[in-house]
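Going in written order, the chains are labelled A, B, C, D, E, F and G, and every chain counts its residues from 1.
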Amino acid sequence: MAKRLLPTLNRILIEKIVPPSKTNAGILLPEKSSKAMVAVGPGARDKDGKTIPVCFKEGDTVLLPDYGGTQVKLGEKEYHLYRDEDILGTLHD
Amino acid sequence: MAKRLLPTLNRILIEKIVPPSKTNAGILLPEKSSKAMVAVGPGARDKDGKTIPVCFKEGDTVLLPDYGGTQVKLGEKEYHLYRDEDILGTLHD
Amino acid sequence: MAKRLLPTLNRILIEKIVPPSKTNAGILLPEKSSKAMVAVGPGARDKDGKTIPVCFKEGDTVLLPDYGGTQVKLGEKEYHLYRDEDILGTLHD
Amino acid sequence: MAKRLLPTLNRILIEKIVPPSKTNAGILLPEKSSKAMVAVGPGARDKDGKTIPVCFKEGDTVLLPDYGGTQVKLGEKEYHLYRDEDILGTLHD
Amino acid sequence: MAKRLLPTLNRILIEKIVPPSKTNAGILLPEKSSKAMVAVGPGARDKDGKTIPVCFKEGDTVLLPDYGGTQVKLGEKEYHLYRDEDILGTLHD
Amino acid sequence: MAKRLLPTLNRILIEKIVPPSKTNAGILLPEKSSKAMVAVGPGARDKDGKTIPVCFKEGDTVLLPDYGGTQVKLGEKEYHLYRDEDILGTLHD
Amino acid sequence: MAKRLLPTLNRILIEKIVPPSKTNAGILLPEKSSKAMVAVGPGARDKDGKTIPVCFKEGDTVLLPDYGGTQVKLGEKEYHLYRDEDILGTLHD
């Protein structure tokens, strides 16, 4: 059974979501996967030990860098951990 | 359909614009492309976690370094992400 | 006889626990080991020499990075020391 | 047509000027070019995000290091960008 | 004649002690040596020049990293100097 | 004609002086050259942008490191630029 | 004639002293040389430009690291310059 992970500091747990997508002819094609945040750490600490809140929230869809991140397996599912500062931006419709 | 990207921290989304240009003989030649800012992050954080505002605004035309930046594809269009401190200057007529 | 180790600064003493696990047929299989914290240092010091408390407590089950940590032998048992900032997150049911 | 560049942060736009020079016999020889500042950025930011003013002003003649700087072409003319901290000194008659 | 060394800053003078140890059959075997602190520096300085006291005291038994430290000979005896931040923890019965 | 150089930040302009020197037999031998400060910058900036005054003054005779420094030619004369922190000490009779 | 050197910042001028030493049979053997401080700089500067006093005084006998230091010749005598933070400790009888 998958355990729930609470990331430390400014780490963010990311799950890749492959949404269904359709061609004009009605054939389903895998669209380039978007990423959703599953869990967000409390934030890094500044030089005085105070926590700097992470500027993301659970459920945000984000653009990730091509490299980096740590692969994590919880139960059967696969996730990735990123530092908040490495996330390129948030995606909106 | 292209999603809208809100860059994080001091990242800036740049779009290359190739304006039409004319020779004396009236032939259109591609001028060296200028760059326009499409979206600007809120700014990096200082050592206390406070945000340092980015010194650019959407629509600014900028001079970019020869190297660096991260290529980003949103829908059919291609963009580049730069840190504000890596942008060399703003261009004015 | 094993001595008790009190870690310094933000070091954390980790013990790997291999819990018993059963297949459907009732055969015991070693599950991927979880990690429990045995002892937690007082915390790193900030730039003014003040202690930044460690954000873990004894008994927490944690997710560790694939690399890093220092192997430590106390009496017959084997432990690992990690810095608190290198621990990826805490695991909850 | 050359655009005007406003440098960012502590960047400084330098133009090399080759002044006319005469030998005793009246023959013009190229003197080692002096450098004039064309445009000066507002200044780098300190650790709190405040701007540290650049200690040069437009029109200053400066001594440049042998290496470094970024070549920039604006219209037909060629310039160089330097950080203010890399400029060795100002020249006076 | 051995001189007494007062370590500077956060340096700590360590002496390796090989205590006698017995097997069940009563044969003495060398146990893995424990380390005792002989002299402790006043502490490193923070960024304002204030001293950050060392979190050890003379006589503490400590766990050392496998690598690092500076070998020092005072008279006939051999010691090692470590920085306080490199010491893994204190050992207690 | 030599221009006057005002060094920036904590740079210091040094001129090597080869004073005349005599053997017991009255033969002049070149003594190892001493160095005199010709011009002193205002000082480096601290992290808040404030200037930290240079702890030398024009005319000081100094001991230089064997390596480092930037060679500078002003008119016919040759000088060297050093950072104040790289100068080993001042020499006094 | 040897000039007097006043070291800058936290540099310390060290002179190696080889004291006479006797075997039981009365033969003089060179003892491992001790080091005495000849001159002490005013101290390094902290991040605000304030001087952090050196924690040694002229005449202290010190333990030096095996590597590092800058050899300096003043007149006929040979000295070494060290940063105060590189000195391992002070020696006392």
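As a working rule, a residue touches a chain if its C-beta (ideal position, glycine included) is under 8 Å from a C-beta of that chain, and two chains touch if they have at least 3 such contacts.
The structure presented is a predicted model; accordingly, all values stated were derived computationally and were not measured.
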Quiz prompt | Geometric centre distance via CA averages, chain E-chain D, whole Å | solution = 56
Self-check item: Where chain C and chain G are represented by their mean Cα positions, the distance between them in whole Å
Solution: 45
Exercise. Any chance you could list the residues of chain B touching two or more other chains?
Key: 47-48
Practice problem: If you connect every pair of chains that touch, what shape comes out? Choose line, ring, star, complete or other. | Solution: ring
Quiz item: Under a traversal of the ring that begins at chain B and continues to chain D, how are the chains ordered?
Solution: B, D, F, G, E, C, A
Practice problem: Using the touch definition up top, name the residues of chain D that touch chain F in the complex. | Solution: 46-48, 50, 52-53, 55, 63, 65-66, 84-85, 87-93
Exercise. Mind listing the chain F positions that touch chain D in their complex?
Key: 1, 3-9, 11, 13, 39, 41-42, 45, 47-49, 70, 72, 81
